[in-house]
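The same chain A turns up in both complexes below, where it pairs with chain B and then with chain C.
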Partner chain A sequence: MSASATSAESTSFAARINHPAARALIERHRLRWWEVLPWIAAIAGYFIFPGYLGFGTELLVAILFALSLDLALGYAGIITLGHAAFFGAGAYTVGMLADHGVWSEPITGLMLAALVAAIVGLLSGLVLLRTRGLTLLMLTICSMALLEQAANMAHDYTGGFDGLPNLPITPIFGVFNFNPLYNNTQYLYALAVLLACFVFVRTLVYSPFGQSLTGIRENLLRMHAVGAPVRRRLIICYTLSAAIAGIAGGLWAQVNAYVNLSSLDLDRAATVLIVLILGGYGRLYGAFVGAVVYLALEHFLARIYPTAWQLGLGILLVFIALFARNGILGLGEALWRRYGGRHKPSAPS
Partner chain B sequence: MDFATDLAGIVLGGLSAGTVLFVVSVGLSVTMGLMGFVNLAHGAFAMFGGYVIVLAMNRANIDFVPALALGFVVTAALSVVLERLLYRRLYRAGELDQVLFTIGLIFIFIAGITIAVGPESQTLELPPALGGQFNLGFTHYRTYSIFLIVVGLVIAFGIWLVFERTRIGAQIRATVDNRRMAESLGINVDRLFTITFAFGSGMAALGGGLGAEFLGLDPQYALKYLVYFLIAVSVGGLGSVLGVYYAALLIGVLDFALKLYLPKGGTIFIYVLTILLLLWRPQGLLGRKET
Partner chain C sequence: MAALRRQAQAVGAIMSETRLETRGLTRHFGALVAVTGIDFKLAAGARHALIGPNGAGKTTFINLLTGVLQPSHGSVLLGGKDITATAQAERVKLGIARTFQINRLFRGLSVLENVYIPVAERMGVAPSMFNPAGKRTDVIEEAMYLLEVLRLGDVAQHRVSELAYGRQRLVELAIAIGLRPGVLLLDEPAAGVPSAESHIILDAIERLPEDIAVLIIEHDMDVVFRFAKRVTVMVSGAIFAEGTPKEIEANPEVRAVYLGQAGARAGDHA
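For the complex of A and B:
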């Protein structure tokens, strides 16, 4: 270790920059050719499967929600089972504003959803992120259940158990209407929102801020030791993650034109966790892979064989937890390293 | 008079519901405290045990008390198999893997029971001796509730006695406090894990059977009451038997009082109180501070 360090110091700058570790660090955040593939696939899907655009929209919302969780859980290592709290906060913001005739413009609606979810995330983060482990897990579940109960109680504003159906959402830019029968507008709108949020998250995780989040996840003590403001960074990360989850929730409410308690329940929080882990967390594209696989299986299997679907999902989760802790992308990477060509340097574990 | 009846209803009903909560959760508390394992599937063991007990009574005409014993034994045996084969591989894994694994187990249990028994709710017929009303002098109350409260007291005292006065109890306490030190002293921690896991799952089964009469029993049971079990454990304090007992009784009484006086979503206060308490004491009421 020390021998290689001294030899690196004595060699020239060019040799040092060609060191594999240096190359890996320099190239880590570079855009790769395959990163355009998901977007090409999404646009191609629009033309190839016009009959499945409703499903496609649902998929895009799920990806966005899982992406928000990836920021908190995958990068900062905040283990939460209450992320639906922010999804629901965003969904109810859009829903309540539209239903009571206050605000029904979609794009600014999403911004408001993000703002409200961010406030919820900031307030809960200030309080919850003081704890760790099981206590944190419990507190996230409890605060989500709290919001769900509050939404259930405030019947006059939230519609209670029945939720708010038939939300009047005005056309985008006053032109493109949300037609409940044809999901073309919804699909493209959701795709645009996802792209914008993805660019933001990608930039964030490769920024120094994002790197310090990974540091906190990997070695909390060392980050404290080097003087990183750990708690502040975690709270900021949690707030941003909440804001994106809020956008996902707002989007969900807009494209479906309804909002109900299912946006806030444990089921949704568990599902998004499963989607992210299935794809592989802490690697941005895990959200994409996980959502496609999970929703496709659910869409085609769950309707026909609901019980077999649940059994299969259970077995799959047990299998992932025991043998494939980095999800599908992690499995693919391991296979690639073993049988594929050159060594791939950037692999967050 | 009316208020006295209300009060008796809240206290006795709450204590009996709290007892069931305690019997189910105590195993979860001990295994979580001992192994640091986030076992969300604990409610699934309670459900499984409940089904064994109810089916034994309804289909095989076994009496209530022997059926409870059968449920305890069968569930404990199943949990030993699962612990040996699967759980122990994840003791050193992160919480995330444990959460995922146990959610997967919950799904398997729910689907398995739906396939084997059916999605409909099962009903438990109490033996005639436990049905009806019991005269307390100042008021009448359901005999079964009184029975539950007494059973809960006996179980809590029994477990406390084992914890405080026996060799294995001392070993468990030592391992909860400092696992490495306990191992160094020659305590067979592996065996301790298996024994407590089996016992905890058996207790969950007992709780599933005892509570089936008023909580109902359907395949969603494992998820429906999970949050309550987790609240009881984290409020009481991991690894603390008396802590869970007090927490469960408190939650039971509070729940009954809130349902009576604030029928619309009074449970919100339970969540608020849980959050406040965990912020004040992250280790729970009687839990030991993390080192």
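For the complex of A and C:
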């Protein structure tokens, strides 16, 4: 709070750049110490819970999927309930190519999954992103249902309702096999893919492009009035988000060695939305927190209370909606700000 | 900025003194005629005030100039070129910027980010995806400079929604100035600002580069007469009178239609 009282002319370039607000923005993208914790935890988990690597792999896929949604919904404010369309597009790309003996190498398989999902995202985005709000929400659900029906009807290629089981996925680098009994390879592979995608998304959201996405989210009309090509930005964001969702779907198909209609149904789309809202959207790590909490609830609570666990989830969601609009992470941030000792001015993303 | 100014002057000299012009500009909302048959010229370097009673169509007129609304009839010309069909964002690139009567800010973002966005947009930085926003210290520096000019340096790091309305109003102005427009349209920039702070806004407006054409909608007659070299009075969607502040002040019809009412309203507020 030093440079403010003096008049603008008397302060220099250096003084403006050294203003606390400027410094915060200049250093915003720098890695903070706690950002390595999730990855340390993921690697530690590999050694400490060898019996839970299947669950762990599922968790990593869920995080990646939620991360893709965070880019579109959390950063650009694109309200969608049809994100499983892209997850499914990626999953079926991997599944069909492998099942029909066309392509079964996993890493390039994921690239193809990303490409196909991106094309689906681009084409649907060109149409859907003319609308906003509830109309957009309905249209995203509709286009996903359309894709699901198409997958259901194209039985010869997709296996229809039964899906495609026992996908022949070749070993990674020709060496590391996906063993269905031990998920070691799957887990580490999923972790590597998540890390690569996370670095991409993190770079993107801290870029000027990412900043303009938050501008669109915060005030669409004003964004037009500062001369931003809003629709083009939204379509680019939606396409990239779809590509990452496609990678998540392709990964899911590879590590499970099957693909079926559950990869692109409303249940999956709703779940990823719940995961993101639970963790907190528009803050990167919400996907991590949300996925851990949701899957832990599903996995362990459902085992103890098979019928009632969703009641617990519902109560948690109501609590989040009423008292913690920014999810668990947002609640944590608010508590930290209030009781963390130092009274810092808020520094939103 | 000097280059920009020189270029603007060259354009002004070659084309004509008129920067922005409308011909027969008309806009209906269903049966309601909000703006009708407006022939209007804004000269390069103008300090022009637009006044008129509530509902006269002033904001609608600005919306037509900026492309927020499409006219029912008539055309808008910038530097002699027809821009009636040009989209809003494109018009900004051509140098038309505005502020809104009711704040339209990036409410969840910090004050600095609110100004970073338009400056980055103007400099063509915004499409960049793989470099951190913080690496563009030129954008940040200019945004900070604008904030200091508007005495917002001390709250640069605050979330804009945490600011008092009067200071949010300054951010609204900073966003428009950050676009370095050739034509600046200000829709009641000081509305809702405590009088103790309104001078900051007016000072900033007075210190704008001289070649910018400024159109200001303002109800406060002191401000109008202090700032404007030309005044247009709008009533019921049409131009009622136009002239120098002295002429407008002396015009008995204007006094009857508008000034008396404004006086009464000022009385209400007091």
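Things worth noting here:
What we mean here is this: the second predicted complex is superposed on the first by the 327 of 349 C-alpha atoms of A that agree within 3 Å, B and C clash if a C-alpha of one lies under 4 Å from a C-alpha of the other, contacts with A are read in each partner's own complex, and residues count from 1 in each chain.
The criterion applied here is as follows: a contact is a pair of C-beta atoms (placed from the backbone, for glycine too) under 8 Å apart; a residue touches a chain by one contact, two chains touch by 3 or more.
Predicted model, so just to flag it, every value in this text is computed and none were measured.
By the document's definition of touching, of the two partners only chain C reaches A:Ala228; chain B does not. Shared-chain residue A:Leu335: touches no atom of chain B or chain C. Of the two partner chains, chain C is the only one that A:Gly215 touches; chain B does not reach it. Within the superposed three-chain model, A:Leu37 lies out of touch with both chain B and chain C [touch as defined at top]. In the superposition on chain A, A:Met138 contacts chain B only, with no contact to chain C. The touching residues of chain A, counted against chain C in their complex, run 1, 3-5, 7-8, 11, 13, 16-17, 19-22, 24-29, 203-204, 206-212, 214-215, 217-219, 221-230, 345-348.
Residues of chain A touching chain B in their complex: 73, 79, 81, 127, 130-131, 133-135, 137-139, 141-143, 145-146, 149-150, 152-153, 266, 270, 273-274, 277, 307-308, 310-311, 313-322, 325. Contact residues of chain C toward chain A in the complex are 66, 68, 88-90, 92-93, 97-98, 100, 104-113, 116-118, 120-122, 125-137, 139-141, 144-145, 148-149, 151, 153-154, 156-159, 162, 175, 179. If you check the complex, the residues on chain B that touch chain A are 32, 38, 86, 89-90, 93-101, 103-112, 114-115, 223, 226-227, 230-231, 234, 238, 264-265, 267-268, 271-272, 274-275, 278-279, 282-283.
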